[in-house]
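Next up is a structure, given as C-alpha cells.
The letters A, B and C name the chains in turn, as written, and every chain counts its residues from 1.
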C-alpha cells in the first residue's frame, strides 16, 4: 500500500519544505510530522520522506537511527519518559521508575500489552528544578510522587 | 527572602503574549535601533557591553559576530541554540516559555548587526510545547510587522524559523547543530573552518545561545554601560543561575555575574535539603568539574571558576548531599556521556562506554584496586584528543570526582 | 614555498600542504586510520595527532595546513603517549580475531600496535557484540565487530562511485556501518573497499581463508583487460605453503598511479586474475604435420619448420600468400618486432588485427576497448583491420595467428570453412579455445602478466612493466618466439 499522510500533515510538509533554503534540511521536522500522525516511521514512510526531500533513502535511515526521539517501531498511545540524570536521581527518580514498572507491569523500554503506555528512561529533560520529572508525550510533569503518578495515569484514557 | 527581580523571566501567566511584551516596552529598542543606527554601531555596542555567551563556552558575542566576513554574497545565517541538553540547565526553557518575544527582539538586533536575513531557532525535540509557543510568537510578531519583510518599515527583512531537534545532546555543540539542521546525523565538524566562515549550508553562520540573544534587547534598552554595571567589568549583565539537586528551593535565580556560589546556594536556594550536608557541588552544568564543600566560596564568573579549576559553563548548579554515595553520581555521569556520544571519534566513542562499564562494575560490587587509576587513565586519554569538546566534557567531571572523592570510592571498592 | 621544521629538520613544501603530507616527503609516516589520500581529511580516528609548537593541545597532522615557520614534532613523549592512548581505545572493543582474520599481516591495528602500542591491555569489561558476517554485495563481507568506524568505505561509495550504498547507523559505541535493507553493493569498484579498509572489517569472499598475507609475493604490472592500463599488483604464492613447485595467484590489488588510475582499479580487472592460470596452453600441440625429423615437437624443431616454410614461400616469390593476424595484447616491443620481421624483412602485406569485441565503458576507468595496447599498435602504424575471411582463404598459403580473438568476430563454422582453404595454420595462443581444432600447430604463449615490455594506454601513456609471474614452463612470450624465428630466418631484430 502506498504511503501517504493526511491532508493536513501533507500541507504542513509542503509548507516546511518551501521555507528551508535546502529541502534536505527539513528532514527532522518532516520525520516529526510523520511520527506524530502514524506513531512511528515505517520503511514505507522512510521511502516517501526520501523521495519528497530528494535525499538518499540511506540518509533517512541514518538519521532515524541516530536520534532517540524518532521511532522505527510503533509505541504506546502514551510515551512516558522518566529522567534519570543527577538532579532527578537525587530527588528519587529510581523509585519513580520502579513504581511505574510495577504499576504498568513492564520493564523500562517496553510497551504495555494493551498498547497504551511505553515507558522509557531518558537523560536530562531540562526541568531540573521540578525534579523528579517526567514527560507524557509532549507534556511535562514534575515534581512527581507516587500519588502524583497515580493521578496522572488515571487521567490518561 | 524577596524574589529576585527578573528582567529575563517576567512574572505573570500571560507574560509570553505579545500584548504583555509590548506593555513592558518590548520591540521599542529594536525599532529605534533599526531605524536610527547602522549595523556596525549595533555590533560595537554589543562588544562594548562585554556580553559573553551563555551556552557554556563564554565567548564574547560581539567578537563572534565580527568574525563573519561582511564582503561576502553567500547567505548568512543565525542559529539560536535552544538545544539545552546540559544536565542541571533549565534557563532557556524559562526564557522561551515566559518571554519568547524577548528572544525574537534579540534575534532581530543580532541579525541586523551581522547582515543576516534568515534565523533558525534549534529547539530540542523534547521542548515541543515550547517550540509551538515560539512559533505562535513568531506569527504574532509577523502580523505586527516586527518580522518578515521590511520590519518596522526599516527596509530590513528577517525570517525566523523554529527547527526541532530529535533527542541528542551532542546537537548542542555548534557544528553538530549545523549538521543536524542540514538534515544529517549530529556529527560535529572539524574546525577550522569555523562556522563564521563556513557554516550552515556552507554560508557564514553565527550560533548563539538563547540567553545570550535574550540579553541583547536589554543592552539597547538601557545601554552598554548599564549592562556592564549589572555584572562585572569583563563580564556584563546578570546571569540566570539554575539551582537543583539537594537544595530546599530549586529554581532559577537571576543574579549579577560574580555572585558567590555559597550565597546562591544558601541565601537564594535555601541551603541543602533537610537533614543533609553538602557533599559536592557542580557549578556549571554536568560538564563542569565538581567542587567540594570547602570550595563553594568561589565567585560565579568565568575567570574565578576557571581559576578554581572548574567552569561557569551553563551556570547550572547541582548540589549533591551527603546521603548520596559518590559512586552513584559517577555512574550517572559516565552513563550520560556514553549515551550521548555521537560515535564519530575513537577516544570518546570507546572511552565513554568503557568508563561507564567500569563505574557500573564498581557500583555492582565488582570493583578492583586498579580501577580508579584506570578510569583516570582513560579520562586523560580522552582529554584534548577528541574531535569536539564533548570528549573534554566527559573527562573533566570524572577526573574531578576521582581526584576529590577518591577516598570514598576506594572505600566503596574495598567493601 | 613554505619553510617548516619537522623533528628538527627543515623542509620546504608547497603552500596548502598538510603536516601529514609534508612529513611523508621526509619519509616520516604518521599513523592514521581515517585519512586516505584520495579524500579530504576526516579527522575522526585521532591517530595522527602531533605536537605543533605554540599550540596548547596536540593537533591533527592530516588536516593541519603548514604555515611559515611551523615547528612540528612527531615523536615527543606526549605524541607517543597519545598514540598509545588512541590505540588502546581502538583495541579495547576490537575482537580477538587475528587467527581467523584475513587482514592479519597487513592490518593497521596490528602494525600500529607493534610500532606504537606495546602496552598491556587493561580492558576487563565485556566487549560490544555485533554482527560479524554480513554480505553487503558481490563477495564482500562486513564484520561490524572489527570495524573501527574510519568511514573510508562510506566516503568511497559517496565520493568515488557516487552510489552511497553504505552509511553509519546508531550512535556512540553502538555506531555501526550498514547497508540499507534490500540494497547491495553492485558497482564495478567494490573491490577497492577491501583495499582501503584498514582492518578486517570488509573482507573479500574471493580471498577469504585462502592464504596469508605474509606468504604473498607482490609484483607490480599493468592490467591487460582494457586500454586504461591501470597499475596493479599481482599477489601470488610460490612453493611454501603450496606443495611442490606450485605457483598460485590469489589476488590483484590496485597500485597507485596519479596519472593513470589514481588509487583504484575496477572489479573487472581486479577479479580477472584467474585468466592468468585458467585454461592455459602449456605445451606445443601438433594437430597436422610432423615436425622435421619426426621427433617430439619442441621449440627448436617447430620454429625451424616454420622458418623453412616461410623461406619456401619467399624463395618462390610468394610472400604475398603469408598472412599474419596480430592482437593488441602484444607489447610495444613485440609489435615492433612483428613490424620488423613480417612487414619490413619479409614484406608481408596481409597483416591484420583481431582483438576482443568492445564492451561497455563504465564512465570511470573501464574502457570499451578490452585490450591493453591498441594505443601502441596505432602508434606503430598498424591498422586495426579484421581480415576478410574469403579473401584470406583464397589468397593465403600460410597463416600465423596470434591469439584466438577471431572467434569474437566470426562464427566458428565460418572460420573453419575459411581456414580449410589455407595450407598451413600456426596459432600462437596463451589460452585454449575453439580455434585450437582449426590450427595445425599451436604454440603456447605467455599472458601479459608473464611478460616484460610496455603498453600504451588510451591516453597515449607508455607504461613499461616487468614480468610479474613466471610463465608456465612450456610457454614463451611472443617476443621470445619472434626473436627465435627471426634468428632462424637470419633477420636482425635489433
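Methods note: a contact is a pair of C-beta atoms (placed from the backbone, for glycine too) under 8 Å apart; a residue touches a chain by one contact, two chains touch by 3 or more.
Predicted, not measured: the structure shown is a model, and the values here were computed from it.
Undergrad: Give me the two chains with the most inter-chain contact pairs.
TA: A-B
Undergrad: By mean C-alpha coordinates, which chain is most distant from chain C?
TA: Centre of mass proxy via C-alpha means gives B as farthest from chain C.
Undergrad: Distance-wise, how many Å sit between the C-alpha centres of chain B and chain C, to the nearest whole number?
TA: 56
Undergrad: So what's the Cα centroid distance for chain A and chain C, whole Å?
TA: Their C-alpha centroids are separated by 52 Å.
Undergrad: Could you please state the distance in Å, as a whole number, between where the Cα atoms of chain A are centred and where those of chain B are centred?
TA: 24
Undergrad: Among the residues of chain A, which ones contact at least 2 other chains?
TA: 59, 62, 66
Undergrad: I need the residues of chain C touching at least two other chains; which ones are they?
TA: 168, 170-171
Undergrad: Counting only residues that touch at least 2 other chains, which ones in chain B make the list?
TA: 168, 185, 339-340, 342, in rising order.
Undergrad: List the residues on chain B that touch chain A in their complex, please.
TA: 75, 84-90, 92-93, 118, 124-129, 159, 161, 163-169, 180-186, 201, 242-246, 250-252, 282, 286, 316, 318, 320-321, 324, 328-329, 332-333, 336, 339-340, 342
Undergrad: Could you please specify the touching residues of chain C with respect to chain B in the complex?
TA: Touch list, chain C to chain B: 41-47, 49, 57-58, 60, 63, 82, 85-86, 88-90, 92-93, 122-126, 128, 148-149, 168, 170-175.
Undergrad: Quick check on the complex: what are the chain A residues that touch chain C?
TA: 43, 56-59, 61-62, 65-66
Undergrad: Could you please specify the touching residues of chain B with respect to chain C in the complex?
TA: The touching residues are 168, 185, 190, 338-347, 349-354, 357-358, 361, 368, 370, 374, 377, 380-381, 384-387.
Undergrad: Quick check: in the complex, which residue numbers of chain A touch chain B?
TA: Spelled out, the residues of chain A in touch with chain B are 19-22, 24-29, 31-32, 53, 55, 59, 62-63, 66-70, 81, 84-87, 89-91, 123-131, 135, 138-140.
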